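Some structures to go through are shown next.
Shared between the two complexes below is chain A, which has chain B as its partner in the first and chain C in the second.
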Partner chain A sequence: MIGAVSGLLLRSVVVLTGTALLTFVLLWNAPGDPALSIAQARYATVVSGDVLEQVRAEAGLDGGFWTAFRGWIEPLLVGDFGQSSVTGRDVWPDLLTAASYTVPLALMGLGIGMVIALPLAILATRRPGSWMDRLAVALASLGAAIPAYWLGLLLILLFAVTLAWLPAMGARTPAHAILPAMTLGFGVAAALTRIIRSGILEARGQSFLPALRRRGVTHRAIGRDHVAPHAAIPVITVFGLELAFLLEGLVMVEVIFARPGLGSFLVSAILARDFPKVQAAVLLTALIFVTINLAIDLIYRVIDPRIGARDA
Partner chain B sequence: MCNNESCVNRVTSLVALYYNIRRPVGVLEYVSKRKVHQMSTLTRFVVAAALALGSAVPAVAENDSLSIATAFGPNAEVPDPRAGYNGWMSNQSGVTETLMGIDYDLKLYPRVAESIAQAGPTTWRVTLREGVTFHDGSPLTAQTVVDAIAPISEEGSAGHNARIAKLLDLAGLSAQGERVVVFETNAPNAAFPWTLSEPGIAVLGAVSQAFPINATGPYIFREAVPDQFYRVEANAAYRLGEPGFDEVRIVASGDPATAALAFEAGEVDMIINYPEADFERIQETGALGFSAPTVRLYFFTLNAASGPMANPMIRRAVSMAIDRDGIVQAALSGVGGVPAGTIYPAGKGWASDIAPVYDPAGAEKLLEEAGAVKEGGRWMLDGEPLEIDIVTYSSRAALPPTAELTQAFLQAIGVTSTVSVGEYGASADAIKDGSADMFLQAWVTTPQGDPGAVLETLLKSDGGSNAGGYTNSALDTLLEAGRTSFDPDRRRAIYDAVQEIIAADAALIPVFHVNQVNVARAGLMGYAVHPTETYWITHETRFEE
Partner chain C sequence: MRSVIVLAIVFVMFAVVGPILAPHDPTAINIPQRLSPPNSQWFLGTDALGRDILSRLLHGARWSLGLAFLISLIGLAIGTVVGLAAALGGKWMDWAIMRVTDMFLAFPELVAAVVIAGLMGASTASLIFALSIVGWMRYARVARGIGLSLESRGYVIQARLAGMSPLSIARWHYLPSLLPSLIVVWTGMFARAILGISALGFLGFGVQPPTPEWGTMLLDARIHMRSTPLQMIWPGLAVVACVLAINLAGDSLRDALAERERSA
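Moving on to the complex of A and B:
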């Protein structure tokens, strides 16, 4: 197990390093003058040529690619994410603030998704092909088909404008998180319902189950000890990836509900070509993906020891 | 709605209640400690949920506060008005004031200054008003103005702003007595008095914990949460009278549709830049609508160095082929703009009397004079189809449809064109390296009220933003004269001549002036759209009793 974990960690370091370099290369080579984008984001208006050159120098973009990359990576190695080229503020505290809005919202969305998906999938698989099963599949398809932008506005229209129960936008109180979390939750529920349903159906079709029944193993024990672990593997994969996507991909929900967060942090940084902020956000996102994948790999090994044995 | 302190407490309390960490407030006092322990988990959850929903009841509209939704929020907990473009929000919300101001007809007036006088080609003496005090009660003096403005030009200072430092171009700054500030510029600059209306050149006093932005405006800065809101309170001692609101809150909302719904829910009282398509309907509900042209101009920069647009006749033909009113109707629902014949909105400030021209037949005639030949419904130039590549960017919603409508109007007279939507810098590069012919942009053409700086950077031969490589020695001479002539009448004549040249030579093609489209709850008084978007509320803005 220790060897496996070490291998996974080593791979993670390679992924993070590659991500950092690749992101910097892409940003550097994207069309348009990065200094111009920074100046526009900083001053929100046109600037003269010499101010543009001053911005270029301040952002460390006047000495070529490797000078700029070294200027970013060297402080990072000692834990300094640098300052925003647009605002001059330290990137790390702002990144943490953005994450503090996003993480609870993502977890709430995932929680709502799980609360909807699990009973729906279990009900659906009691009688495959029944009206309940078809309804669950239809709801899952509907949830996957409705864009977050539209669903978010519909929820605002219903709960904020018509019923006047919940606030429409902002992030000042816990109540402000309910509608965005519901918007996310419905999307997550759609994906999870389908995966859990197919996982359970596949597990129930395993050839060893009739043998267990003939030996007198109870229906409940079969479900708990054999069907659930079997069905859990794909569910854990999707659950983990949904969490990772939610953590870095909330931008649409953040925009609709006027909430700060990692998504809008990253998008505004990319539009402004704010290298330190983009790099920090991308590294954090990569770290989230790597950590979640690592956790998924380890959970696989716990649920199904054969996976660890195969790797060994 | 859940937007006040007590509501926050209630929601916090119900979360605490659920976990048996009680901090009873309001109705929660009803649920005694003992009763909570007797509740089942399900019951506690239901109670918590009910209270959560109950905490979010809609706000009763209050006349002593104002909540304004706008696209951008502050970028720091205490945004220094001199840095970046922070000065705009502090000026718009009535916290900071400037030495000079621009009125609603784009005319310059002394604001915190009592007067401004030129003492030499590069010397300006600003006399301050008497009896002005900062929010902390300290008096405004010439030295405080010097202390506020000097850091703008000092690299490394918190108040440093390279853009404004360039506008000021100061060689010296000093106080003479209590009320006179002397500015020395490096070169003669007739636009200097206008520069002092720039919101970033705010009049600021010494900061303290209670007054982190210590200014002279009708509202006092209280708090800002980055990307969320900016909150100010009334300055009861304001020199022109008590402000109309106890509190004003500027709320960031990047999505206009959400802001519109929040307005209907009663969560905000006013929206800056309301969706144009819904403007008529919302007014039918009793809301007040405000729509007036601003100096934000949508225009085409043209590749005057190479390709078909290097020919002035083809440039003029293209300009005449564009139905600007059609664009305003289709892309802006008829309320989001006014067709532009020149750089400034008609009747405002420096605007010359030049009307927009839509004349497809005249455009075709000009193409013919330029040597183009129409074959099979398509115009050919030098044996090749006349093709025009249009580039633009998407950060302003009306840009791509405006480019596409232009394409359609050109197609209508037989000129083929392509539209590419990319990033701003990439589009600027495309026009600079000759791979595009027209670059649709949106700029505020006179942010400080003076025409010089923007026209120089856009159209002077060595202008920093003259991406199309336009050169015209007569225009260069006029722009130089405009910067160094101090007689107002002569300047007026110079910039009239500049606009005539721009129109006659199609140095750029103005399309429309953006209307700022705002809505407010019924009863709002003392508010009007400002053409430079520099001011939102004054001490006179209030709700009717």
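Moving on to the complex of A and C:
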């Protein structure tokens, strides 16, 4: 077990280091002169050669790739994300503020998704092939095909423009979070319904269930003690992939609803060519993603010991 | 199954012959007729510059579906090569390649595509590059997984003993077994590429105006949500219909494949 855990940890560190390097290579090779875009973003006037040179030196862009990379990665290892190259403000507090908008929204989206998907999947699998089941599958397929940005726009159109029940833009009050959370939640629900449904159906096919039934274990107890844990495994597996879906949805949803979260942070940093901010946002996303996937891998081995034994 | 495939073919036909069917020039600006509701002249109405929405949708199909097709094929090619290299290249090669794959997977595809396309500057070329570079990992995993399971098959061992090079083993023994599963992955990635293209277009990082593309059309329509909400409905419906048809076709392909494997 300890060997497996340290193997997984090592893997995560390698992946994170690689991501940092890849991002930096990408930024370094982005077309256009980064010093020029920084200077233009800062001074918004015609930039003279002197200004350009000093900006270049200050941003650490004059010493070649590895100098610049070390200038970024070394402070990062002690938790310093550096300063925004446009405003000069520290990146870390801004990043935290952005995350404080994004994390609750993500959790709400997941919550709404769970609340819709679990009952729907259980109802659907009560009688496989019934109209209820077909409806659930149809809804899930439809939900997977609707892009988050379009769903968000439709919800704005219905609830904010036509009915005028809910606010759409910004994040001033908790009510502002309802529409974005619904947008995310529906997408999550569609994917989860599908997974939970097939998880339950697969668990039902297990060969020891008829034996239990013949021994007189009640339907309810079989569902709770035997079907549910089996169905949970594929759900947890796909949760990692779902998370990617959720993060993608978050970027679009935040842009549509003009919420100042991580997605908006990233998009506006890209548009402003604010490289320290882009790097910080990218690395934080990768860190969240890798950590959760690591956690999933570990939970997996606890729930189903066969897994560690199989792919060690 | 058959109906879904017919539907998918209908969409492909739209992409091919759509521009011929278009009643107007998709980029012709007609300011006096701007934001017109649907009527007998403009079947789906006009946008803020007075361009015919139906014509833009039909021309946009070529961009959205054609680019998605291209991007998913590039991903298929890269992923298959990478996956086969991992499966056939020995233990270390496998470890290294799969860690690189993990690195690319350590990032939500669309977010990575936004970063790449955004930094490279908005253009169709950077859109294709961005979505292809983030879209090969699933193929690679599937190809490697099946590849590893083939390693101990009798015919593969015999081929190796007979002195066949890894390259020809990959070509003649692995590829045919991989293709059905890869095609199923491909349908999913094709649908994702359509979503990705329109998402990037919507963020302004994709195909640039005045070229009609569904995501960019949505972006334009969004501002006029209050006055002409219908303008926003059409491109979204087009995306949903295509993605749904392709996903359903992929599902039935997968079921058919599972059925065949069970009976084999």
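In the analysis below, the second predicted complex is superposed on the first by the 275 of 312 C-alpha atoms of A that agree within 3 Å, B and C clash if a C-alpha of one lies under 4 Å from a C-alpha of the other, contacts with A are read in each partner's own complex, and residues count from 1 in each chain.
Simple rule for what comes next: contacts are C-beta pairs under 8 Å (C-beta built on N, C-alpha and C of every residue); 3 or more make two chains touch, one makes a residue touch a chain.
The model shown is predicted, which means the values in this text are computed figures rather than measured ones.
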Is A:Val255 contacted by the first partner chain B, the second partner chain C, both or neither?
-> both
Should A:His176 be classified as contacting the first partner (chain B), the second (chain C), both, or neither?
-> first
Regarding the shared-chain residue A:Arg42, is it in contact with chain B (first), chain C (second), both, or neither?
-> first
A:Pro167 contacts which: chain B (first), chain C (second), both, neither?
-> first
For A:Ile156, is the partner it touches chain B (first), chain C (second), both, or none of the two (neither)?
-> both
Look at A:Gln54 in the shared chain and tell me whether it touches chain B only, chain C only, both, or neither; answer first, second, both or neither.
-> first
Touched partner set for A:Leu271, first chain B, second chain C, both or neither = both
Check whether A:Thr87 is in contact with chain B, with chain C, with both or with neither, and answer first, second, both or neither.
-> first
Would you sort A:Asp33 into first (chain B), second (chain C), both or neither based on which partner it touches?
-> first
Considering each complex separately, which residues of chain A are in contact with chain B in the first and with chain C in the second?
-> 30-32, 153, 156-157, 161, 255, 271
Using the touch rule from the top, collect the residues of chain C that touch chain A in their complex.
-> 99-100, 102-103, 106-111, 114-116, 118-121, 191, 195, 198-199, 202-203, 218, 222, 225-226, 229, 232, 236, 239-240, 243-244, 247-248, 251
Which residues of chain A touch chain C in their complex?
-> 11, 14-16, 18-19, 22-23, 26-27, 30-32, 141-142, 144-147, 149-150, 153-154, 156-157, 161, 243-245, 247-248, 251-252, 255, 266-267, 270-271, 273, 278, 282, 285-286, 289-290
Chain A-facing residues of chain B, complex = 1-3, 7-8, 11-12, 15, 52-53, 55-58, 69, 75-76, 83-85, 88, 161-163, 166, 225-229, 251-255, 257-259, 261-262, 264-267, 395, 422-429, 443-444, 447, 454, 457, 464-465
Once bound in the complex, which stretches of chain A touch chain B?
-> 30-34, 36-37, 39-40, 42-52, 54-55, 86-89, 94, 97, 152-153, 156-157, 160-161, 164-176, 178, 255-258, 260, 264, 271
